[in-house]
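Letters A, B, C and D name the chains as they come in the text, with residue numbers starting at 1 for each one.
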Amino acid sequence: MATERLLVPLSESPTVRQTVAYAVQSGLEPKPETLVCHLVVALPYEADVPGERESLEETKRLLERAVSWVNEDATGVDTDVTCETAVLGKDAYLFGPKDYAETFEAYAAEHDIDRLILDPEYNPGASAPLLQPLERELARTDVSFVEAPLERSVTHERFTGVASWSRFLSLFVVSFGFYLILGDPLYWFDLVTGTAVGLIVAFTLSHVTFSTAPTLRETPGRLLRFTLYVPYLLGEIIRANLQISLVILRPSMPINPTVTTLRARVRSGLPLLGLANSITLTPGTLTVRANDQRLVVHTLIDDAREDLFEGGLERAIRFVFHGRRAAAIPTPKERGDTEILAPGYISGSSQPSAGAGSSNSDPPETTTDGADASDGGDEA
Amino acid sequence: MGGRYGGEHGDTYTESQVILTAVKIIAPFTLTYGMFMTLHGADTPGGSFQGGAIIGVTVLMLAFAFGIEPTRQWLKNSVIVSMVGGGVAIFIGVGLATIALGGSFLEYRLFFTVLGIPDGTKWGMEAIEVGGIALIVAGVVITLFFATAAGFTPARYRSTPEVETADDEVLSDD
Amino acid sequence: MIPLDINELFLVGAAIFVVLAIAMFYRAVAGPTTQDRLLAVNVLGTNTVVILALLAAGLDQPWFLDVALIYALLNFLMAIAISKFTVERGGVL
Amino acid sequence: MIDTLYVGAIVVLLALGVFFTFVSAMGVLRLPDVYARAHTASQTDTLGAGLALAAVALALGWQQASVYTVLLLFFVFITNPTAAHAIARSAAEMGIEPWSGADGDPSSDGGAVPDGGEPIDERSSEPGHERETTEGSHGGDPR
């Protein structure tokens, strides 16, 4: 009957409250003398975007709330319940599920954690579904973890939440507007059915489309800046297209394909899509992987590679999403966020069991380390 | 539950964020467009068959991007069944209504001549288009897809008994 | 100025696009990898969409555009579906 | 005058569209490996399609159909690079090496790509995976 120590990673999810409640309840079950709840928030790598301080503030608020929840749930219990809070990942870069799992493992080892309680809707800012891969990664570590057995029906409650109204409304407006563009805005039938369709679409997809709720403060500015971005992108596309056309139509076809990585300083989700698709749309560069901020880009000619390393598109994307202040960053080349990969990279990293690639597993390792080191120096 | 890509080397296989986000953005538009086409099936050559197909394809697209199992959880079986069932019910209902009004099956004209609804033909056809065809097509497309996908579900994703039997059949063949 | 019929122009454009699309069949057949074929079929699909749009303008049949939109959607779906399927060999699919 | 300009714009757009699609076709036929082909397939082709669609939209003028054309244009511009990314990613996941230019004739079909069918065979006959699946299915088997 010693001390029971629980690790509860928190995120702004619809089930975070229930997860905390379950953690306290299950922690009290073996009737320990003291129960220590380690409430941690793992911050995804957000680059040096202007909103970072705000997200840190939000994190603190979330932790405060969670502590109050624990105290609430632990009232009238003999056991001595204490809380420890921590923000993880400030000094490390959390990219994929593996990084999260390793961070939790390190924390658990350090604080002698008995169990990890996982929120079934755990989603720390990344837009990709993290839970299943995270579970798989955690299963590989020594940490024993439990997924809080909550009713999944809570997903329906999302629609009534205050935070969801903005998503619901904006998707309704988008859908309704699109419907009227397709149809005739003056015909009453289209207005009625358009409303119905907009409601259906907003109801079914509002939590699918928006991973973060749009806000009145930021979204209009982004849309405006996006309209400025489109002509720039078009210009880039046409310029690069002419370059590549000249190369392809020349009989000797002087191409020099290389695989490069680029650690882009944009948020995951929509900014990443924008950057990856812009890179792909610009001839000569093709995004092969974009799992996290680390893009693997295949470049066809040297000029295109130089353009990519100059980071014009990345800067433009940062301008679109965070305004002009965020756009003024050094080029990826200056930051040391670029790397030309040796041949054999692809089979070496993606197919560990393929045999052919196993001898080549070194280059990606060194690549990551080198980029990490220079990155860290840059931040400090 | 080690993933297939889970060696010591790489990260676990995750869905591509680019594809995921692109699908997220496109989905509302295709769904709206599908419903638009369905509702205007009677007066444009688009037809509600295509409309239903687009609605079904939207769900398929989400399933490809997010993974089959999460989508299956999101879209309950009962929803699909009620889609198809409701579609058939509306189709037959409109048909029988015209018989009840003293005509033959699906004789929309009677909505106008007997009940005096203006544009009766159009509304009758509309009902058939929306309910009868689009719902059925969308439901069948989704059902077929999930049924086919269930046959290939590997053991670790097994959740329901039906899936399990389908799984065994497929695997015992090889 | 020679009187130029825009509709004819679009039909000629559509014809050229058809020829270019046929060239894609070579890649679709020759391979050598699944992805090459998929790529070729994807380009073929994009060309088909353009051909449909050109025909819509050339033959003055605006409803071809509906078909083109659906075709574009299915083309996209096919690309992500097959590329996902080849990677996971039915794993998650 | 305006008419000539209008027709001229359409002709230019259409011609450019045809030109870029031609380049794209040449690229898909000539380039050495799947990644390089994806460059022209996704991008040059997107621009070609975009210009041709713009010509159509211009010709249709201010009516409902041109709205559809513009939608089609946007749709192609979003989906084409995504599809190319999906294809390139699947090629990378299957372990297809990019052609590095070190050997071989660029205009030959295979380039440095190992035999195309090989990765698939390797994957499906990969012992660990095979065992996992069969064990799983028979473990749950009541027989």
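We adopt the following convention: a contact is a pair of C-beta atoms (placed from the backbone, for glycine too) under 8 Å apart; a residue touches a chain by one contact, two chains touch by 3 or more.
Note that this is a predicted model, so its numbers are computed, not measured.
In this structure, the chain pairs B-D and C-D differ in their number of contacting C-beta pairs, and the larger number is found at C-D.
Annotation: 28 Å between the Cα-based centres of chain B and chain D. Averaging Cα coordinates per chain places chain A and chain C 33 Å apart. Distance between chain C and chain D, defined via averaged C-alpha coordinates, is recorded as 11 Å. Per-chain CA centroids place chain B at a distance of 25 Å from chain C. Residue positions of chain D touching 2 or more other chains: 38, 46, 68, 71, 75, 78-80, 82, 84-86, 88-89, 91, 93-94, 96, 119, 123.
Across the assembly, chain B contributes residues 4, 13, 16, 18-19, 22, 25-26, 33, 67, 154 that each touch 2 or more other chains. Each of residues 182, 276-277, 287, 289-290, 350, 353 in chain A touches at least two other chains.
Contact topology of the protein chains: irregular, matching none of line, ring, star or complete. Every pair of chains meeting the touch criterion is listed here: A-B, A-D, B-C, B-D, C-D.
Only residues 181-182, 237-238, 240-241, 244-245, 248-249, 253, 255-259, 276-277, 280-290, 296, 298, 300, 343-344, 346-347, 350-351, 353-357 of chain A touch chain D when the two sit together in their complex.
Within the complex, the chain A residues that touch chain B are 96-98, 127-129, 132-133, 135-137, 139-140, 152, 155, 171, 174-175, 178-179, 182-183, 193, 197-198, 200-201, 204-205, 208-209, 211, 268-270, 272-273, 276-277, 287, 289-292, 349-350, 352-353, 361. On the side of chain B, the complex with chain D involves touching residues 4, 13, 16, 18-19, 22, 25-26, 154-156, 158, 164, 167-168, 171-172. The part of chain C that touches chain B in the complex is made up of residues 63, 66, 69-70, 73-74, 76-77, 80-81, 84, 88, 90-93. Touching chain B in their complex are the following residues of chain D: 75, 78-79, 82, 85-86, 89, 93, 129, 132-137, 139-141.
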